[in-house]
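The structures come next, written out as structure tokens.
Two complexes are shown next, each including chain A; its partner changes from chain B in the first to chain C in the second.
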Partner chain A sequence: MATRIDVLKTYKIFIGGKFPRTESGRFYQLKNGKTPIANVCLSSRKDLRNAVVAARGAFEKWAGATAYNRSQILYRMAEMMEGRKEQFTAELMSQGMEKNKANQEVMKSIDRVIYFAGWSDKINQVFGSVNPVATSHFNFSSLEPMGVVGLIAPENTGLLGLVSTLCPIIISGNCGVVLASEKYPLSSITLAEVIATSDVPGGVVNILTGKKDELVSHLAKHMDVNAIYLASNGEFKKQIQEDAIQNLKRIIIRDNDSWDDEDHEHPYAIADFMETKTTWHPIEIISGSGSGY
Partner chain B sequence: MKNKIKPLAFSGKWDLDPAPESTDHISIKDQYGLFINGKFKNPSSGNYFPSINPATEEKLSMIAEANDKDVNDAVSAARKAYNGAWSKMTAKERGKYIYRIARLIQEKSRELAVVESLDGGKPIRESRDVDVPITAAHFFYYAGWTDKLKYAFPNRNPESVGVAGQVIPWNFPLMMAAWKIAPALATGNTVVLKPAETTSLTAIKLAEIIQEADLPAGVVNIITGAGATGAGIVNHPDIDKIAFTGSTGVGKIIMKAIAGTNKKSTMELGGKAANIIFEDAPLDQAVEGVINGIYFNQGHVCCAGSRLFVQESVYELVLRKLKDRIQSLILGNPLDKNTDIGAINSKEQLATINKYLKIGQKEGAEMFQLDCSIPKKGFWCAPTLFTNVSQSHVIAKEEIFGPVLAIQTFRTIDEVITKANNTPFGLSAGVWTDKGSKIFNLTSQMRAGVVWANTYNKFDPTSPFGGYKESGHGREGGLHGLTPYLNF
Partner chain C sequence: MQTFVSPKVDKVGIEDRVNRITKRSIKKKAKLEGLKMALNMVDLTTLEGMDTTNKVTQMCYKAQHLHDEFPNLPTVAAVCVYPNFVKIAVDALNGSGIKVASVATAFPSGHSSLDVKITDTKMAVDYGAHEVDMVISRGKFHMGDYNYVYDEIAAIKEACGKSVRLKVILETGELGNLDNVRLASDIAIAAGADFIKTSTGKIKPAATLPVTLVMLEAIKDHYYKTGEMIGMKPAGGISNAKLALHYLIMVKETLGVKWLDNHWFRFGASSLANDLLMQIMKQSTGAYQSANYFSKD
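Our next item is the complex of A and B:
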């Protein structure tokens, strides 16, 4: 019997819910030792701009969805990941991870998505406040998503680092433009396939593979990006801080090698990408002195 | 239906007798040094610059100019105090010091209000009823937080940052000092603060109060000077955190200067707030809110409602009411209790405002101003509004920081939301309507950090203040205002 020829997968990028090839037409070859694994897209500045346009376009609807709805959608994402456990594990292994570790990483990643999914309709109860002002006003503060967030994903973990940084961004209603790990890009694209089939609206997550040093500056300079999450071991820090000045992007930096720890499970990671809005309204005074206006 | 209103006659009968606040109980020295390590010191350069009363152009005092050596001395004193007395003290005791400061401010409230109006040009009614009470309240509020921080941040271990370098503007000199110093101290940091060069006096008075409160030497250092002194603070390597309130332009320069360092930052920057009136709004109250929104403190307010959007159906009526109300405003001596509109803070700022008035007219907008006599000395700008304005006009896009209102109209909610959010700023917004569901629609859609519904320009220590987008980052006030002064 003739040996069956494997069907090799083309790993394409993820923009606006679709999987286009990179506009650059360029690629880099991912290898395990000397064995080629896949040809990975080298995304261009044009791809990045398209991704930002898609993210901005998706923002209003995603931020406007109910917290309950966003929570269910992220939970659905975890369900879809569960169904693809073996694929994720196999991909991590093909990129050099040993089986046990790969298994652990995949399961932890799924659990982490569920962790953040649950925060959706709780975050404002923890971080919001009614402020007892000394005038006759009702005054409250609540958190709102910032808009479009650029994520420079952790370099040393393909899946766990990505979900640990991406979920806190999108759960509150932000849209993300992700620069995937250069070393471990395959899980990012497979995660994109999960996202594409999890009721996450197109454009909420956009994932680009390629060379970070070709793209980071364009992302940090883009005038329609509101914040940058640099989770890449402090690399690019100064460059991003300078590039982000033009429109005063918020910059959050987390230097972690390991994302295993449950220390990464906290709501402050979500609040980092939210703005505090404070609203005032007069209270009519029936008796007493002074006007609310 | 056309609304017919009889124009009010304002001629003459609104003249009120002068009611100036007395200044005889005020002592202002001829010259002030730098407050470093608990003492007033001469600046190492030996240089002083005048602080003048913008309403009379008379010199009030000579203010020390801090150079890099003085900055370094102040930072060293702050570091020493941080490593020493301040961090060894229990949180509870630190809190008591801050309470002391709050109380002393209340005791000296009249003096502080008069000096604030003399030095900055703002009406005494505002310095007396807004600036000084909020200053005291801010210290009082944050004093109580010192020994309660762990309850503010569940499952976290809040720790002070270190030495905070703080640079503040000239529009609310004393209040901004409180907004900066109070949360910094409550979280266990020490401070080097620089007031704006045109309004140093109340910050110096605050230094005297801090001295009187017997705060350990070096915990708060107040050094005076212009931009170079501020740059000295920003660039000093031993400062852990920069807190700045001022223009977006300078904010960007600071962010550039600290890029690549480990300095934390909060930026309270410019604004170009939309104030929106719907046809169902209580119009008289709305007009009061618009007047307060743009002419409060001569419009020297980062969150000023400088863009007014009026629904077309009530535009003529609102415009008429606004013009009538403007004509009833009293411009003049800031120390007079009847005064609504005081002096413009400086000659430079007046030139900036006048530049925008020219641009507005040149671009085809129609200008209307309070018809009043302008004092011969001092810096003054009559309250101004522009009609026939479009989104692309410079006066509708750039922060003027003066008593200048740009009016546009709209038909639908979606239209006004788009127009209101179409700005790189996002500090504040105002909405006027009697319909509750419309209020919540609007307030949730405004991309701004503070939204006033059926009110405007209200401030409180418990209420977080700060912007979206290019209006800066971080919040001041409330529990949220603690975060920028803590590491976790």
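Our next item is the complex of A and C:
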């Protein structure tokens, strides 16, 4: 019997719910020591443009879904990851991580998705408010998603860093355009496969692999990107803040080397990418008790 | 009685040619010039039942102030409205050089008597329209009554008079196949059309590259025979700059540079102008643009 030839996976990028190759046709070889592991797409600025168009197109529907529904969908994502635990672990190991650590990272990643999924219908109860005003208005503030958020994903962790930064962006109704880790890109593409099969609508998450320094400037200058999450260990800080000036993007910077800690589980990460809307709702004359509602 | 005979269209050949045209790549300076040229060929259009005088004046304002923060932009070629809004548009655009086009002849279906259609046309002309966009009687065309279609176009052309240019809408989405598109183009040109136009924008498919190529070929054959130039206006469904550039390439490669002017080529569109503006800004600033910063109407 002939020896079986392994069928190796082509790691492609993720745009609008589909897995195209980069429009540029370029790629780089990922190695573990001297062993080649995979050919990875070097995304171009046109891929970035397409990703932002896809994200913008998906925004209205995703932001319009109920918080409960978004929560369910992220929970579903965690379920799908659970089913692929071994694949994620093996992939991290192929990129040079030792078994125990890889195992830990995968499990923590799944739990973190669950953590943020739970916040979906609670975030406004914590950050929203009814505000005292001196006129006959019912005045209240609530948080709304911003739109399209560019994420420069953590460089030194392939899966946990990505999940910890991506989930707080999308859970509130934002759509994300992710520049994946250059060193550990494989987990991000496998995560994309999870996302594609978890009822997350196409375009809500878009993941590009490749050289960050080729893309960050175009992302930061893009007028249709509302905010940037820079979680890439201090790289690009100055450049992004200069490039983002034209439409005054909100820039959130977190330089963590590790995302292991439970300290990274907090709702402020979600509120970072939300905008406060305050409504003045006319009511009758305020009653004796001061309450008109 | 005239008989109309048109050459048959090689559908596969047309599609193959279109396919090659869409592979052309224009970059940098040529792209910027192409985008500006396309912008200068747009007929900014509103043809909705919910049109109001304010909507029309607003659109006329936009026609003159496409994106004021970008200096030296060309204006659009014309605005296109229903006949009852022509006077408002003419007043609003006074002195700007932007033309006013009006649809007429029981737009968009074209189902009415010739008398009504002539009155409709005259109303637009009396209000000061520079151009009239008429629809052909597709029903009569499908019944084989080509003479009726021809006579009707000729009668409307007469009602327009000498100074008003007539665009004849074939509504290619209702003609069924490319042979019919070619035949209708030939009839319209023979009957005195100054422009032939693909669609009303109310029927899908509206303008497509293959249909436009067939019509351009009809214009080319007429030009070789008589030396007379006829204009072309694809309308409906052209909403992005890239597609507009494909059209310009097709016009240049089929008819030549003489047609690359808004006197001979137009785009009927409402959302195209904004995409062209966004691409022009992208070319000059280097940053991808957002629709949020461009006026909708």
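We adopt the following convention: the second predicted complex is superposed on the first by the 282 of 293 C-alpha atoms of A that agree within 3 Å, B and C clash if a C-alpha of one lies under 4 Å from a C-alpha of the other, contacts with A are read in each partner's own complex, and residues count from 1 in each chain.
Criterion: a contact is a pair of C-beta atoms (placed from the backbone, for glycine too) under 8 Å apart; a residue touches a chain by one contact, two chains touch by 3 or more.
Bear in mind that the values here come from a model prediction, so they are computed numbers and not experimental data.
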Practice task
Could you look at A:Asn247 and tell me whether it touches chain B, chain C, both or neither (first, second, both, neither)?
Solution key: both
Practice task
Look at A:Gly83 in the shared chain and tell me whether it touches chain B only, chain C only, both, or neither; answer first, second, both or neither.
Solution key: neither
Practice task
Determine, under the contact definition given at the top, whether A:Ser141 touches first (chain B), second (chain C), both, or neither.
Solution key: first
Exercise for the section: Using the touch criterion from the header, give the chain among chain B and chain C with more contacted residues in chain A. Expected result: B
Practice task
Go through the superposed model and pick first if A:Pro282 touches only chain B, second if only chain C, both, or neither.
Solution key: first
Problem - Which superposed partner A:Pro132 touches (first chain B, second chain C, both, neither) - result: first
Practice task
State whether A:Pro36 touches chain B only (first), chain C only (second), both chains, or neither.
Solution key: neither
Handout entry: Residues on chain A lying within both footprints (that of chain B and that of chain C)
Key = 246-247
Handout entry: Of all residues in chain A, those that touch chain B in their complex
Key = 126, 129, 131-135, 137, 139, 141, 144, 146, 226, 237-238, 241-242, 245-248, 250, 266, 268, 275-282, 292-293
Exercise for the section: Write out the stretch or stretches of chain B touching chain A in their complex. Expected result: 137, 154-156, 248, 251-252, 255-256, 258-260, 267, 269, 285, 288-289, 424, 439, 443-444, 446, 448-455, 458, 460, 462-466, 468-470, 472-473, 475, 478-480, 488
Problem - Parts of chain C lying in touch with chain A, wherever the complex brings them together - result: 285-293
Practice task
Enumerate the contact residues on chain A facing chain C in the complex.
Solution key: 49, 52, 218, 221-224, 246-247
